[in-house]
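Consider the two complexes below, in which subunit A is the common component and subunit B and subunit C are the respective partners.
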Partner chain A sequence: MSASFSRSFTIEGRDFLNAGRASTQIKTILKELSVDPAIIRRVAIASYEAEMNVVMYATRAKLKFTMSASAINLEIDDEGPGIPDITLAMQEGYSTATSQMRELGFGAGMGLPNMKKNSDEFVIESAVSKGTRLTMTIYIN
Partner chain B sequence: MLREIREILSADMCTGEEHLDMRIQFGSASDLMSDVLAFSRSGALLLTGLMNVQTIQTAFIADISAVVFVRGKRPTDEICALAKEKRIPLLSTPYSMYEACGRLYSKGLLSTMKPVCEGTVQEEE
Partner chain C sequence: MTVREIKQQLGLFLCWGDEKLEHKVTGGYVGDLLSDVMANSKAGNVWITMQTHVNIVAVAVLKELAAIIIVNGRHPAEETLKKAAEEKVPILSSTLSAFDVAGRLYFLGVGKARADAERIPD
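Presenting the complex of A and B:
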């Protein structure tokens, strides 16, 4: 395989109709590249949870997917309200979701902890009123 | 096999008849897609009452093998088309979530999770 493969996606906030498109495309790409299905599942779940968070809370975001011989990297950089207390947001069950989000089956307060669980490296940085940046790495070998 | 699951649940097949010979060992039931993403396992059956496009997107992302809608809910054409594209069979059972789960469990379809003790969740070995 070449040194690295990269794709960028734009995710629009509140666009519930297209929510999940970027992550399903990433999953399809990884399947075509015959990556280990267990790795694909972790990448897809981490990416989809992040994508749903952007759709639910942010204005828009860039999602950058990079794959090298040893790892898959997901960077999600959003313009949005930011997270005032990251420690609290990382707790399972803590959520600020609205009833509309819950009707779609989301907003149970599992997103961020689940992204961390599925990543080998997980970095979250946030600035209130500006946005949140997530960097997740999943090793291939 | 999915064929047996269809019989046990007296279910109608909305899409994916070509997958009736698919082997399924584990089942999960939830209306919360957050829980499906956090606690399901690859190849499991999903029983749900949640009827929207996100149900199919979540099933695809989490490697759910087939989706059963409970209480006779019928997926819309849009939902069926997406499921067909993602190669996920959709079934509709007249039973409630409780009864559908009971029928499958009593016939040997295993859970995706062990009981939760002191806040820890473990996957079945």
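Presenting the complex of A and C:
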């Protein structure tokens, strides 16, 4: 058996119909591997919020899921508008969602804070007009 | 109480639910903000919402919710029903408001245990 398990997903911006698919597949994998349900819940929330941000704001992204004996890692690298002020974006309740997105129940300003809350390690890097890269690690033990 | 019993007791319309109606309901959560429901709902809850679009199904799958109850006489979008069937998430609807659905569920004892446990002594 290899030391780690890895899988990549492509997420398309504006593809609301398939939004959540990568997170659902990751969840299925973790269940099959009999990971602790509490850990699965945290990974599901973190990956779903990341996926929705790509669908809402970016052109596309690659989501790389890696699992080792000690941790689960989610790396989401998008091509998109980037975030000019990360401190502001990390504030609960702050959102740049359109009124149309808000009507659908998005744009609560909880996405990035939820990701941070559910990760043991959370790194966000962004370049305006280029994209955003999120790295989230959740320890298994 | 199961999803089927809740359907019967509240006179809910079954939009999709060929399966999983016998699941035991652990409580409920009311919310129209998807991130809020992702963060705060619990596995086995019924989710009471006004949202009808396709993305509610993924939230229910990821949080292992027992069912979605759409309120105020709204109906799920066509692609929502298709996704619900694919993912096997029961969706019910009611002409009642979220307040009335939640109130009736409490009256039936759904969520009562938690309310009792969290009651502040007076």
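Structure notes:
Methods note: the second predicted complex is superposed on the first by the 139 of 141 C-alpha atoms of A that agree within 3 Å, B and C clash if a C-alpha of one lies under 4 Å from a C-alpha of the other, contacts with A are read in each partner's own complex, and residues count from 1 in each chain.
In this section, contacts are C-beta pairs under 8 Å (C-beta built on N, C-alpha and C of every residue); 3 or more make two chains touch, one makes a residue touch a chain.
As the structure is a prediction and not an experimental result, all values here were calculated from the model.
Overlay on subunit A: subunit B and subunit C clash in the combined arrangement.
In the superposition on chain A, A:I72 contacts neither subunit B nor subunit C.
In the superposition on chain A, A:K27 contacts both subunit B and subunit C.
When the shared chain is aligned, subunit B comes close enough to touch A:A38, but subunit C does not. Once chain A of one complex is fitted onto chain A of the other, the partner contacts of A:Y48 extend to both subunit B and subunit C. Shared-chain residue A:L17: touches subunit B and subunit C both. Shared interface residues of subunit A, touching subunit B in one complex and subunit C in the other, are 16-17, 19-20, 23-24, 27, 37, 41, 44-45, 48-49, 104-106, 108, 110-111, 114, 117. By the touch rule above, subunit B contacts subunit A in their complex via residues 31-38, 42, 50, 52-55, 57-58, 60-63, 86.
Remark: subunit A residues 16-17, 19-20, 23-24, 27, 37-38, 41, 44-45, 48-49, 104-111, 113-114, 117 touch subunit B in the complex.
Per the touch definition, subunit A reaches subunit C in the complex via residues 16-17, 19-21, 23-24, 27, 37, 41, 44-45, 48-49, 52, 104-106, 108, 110-111, 114, 117.
By the touch rule above, subunit C contacts subunit A in their complex via residues 32-36, 38-39, 43, 49, 51, 53-59, 61-63, 79, 87.
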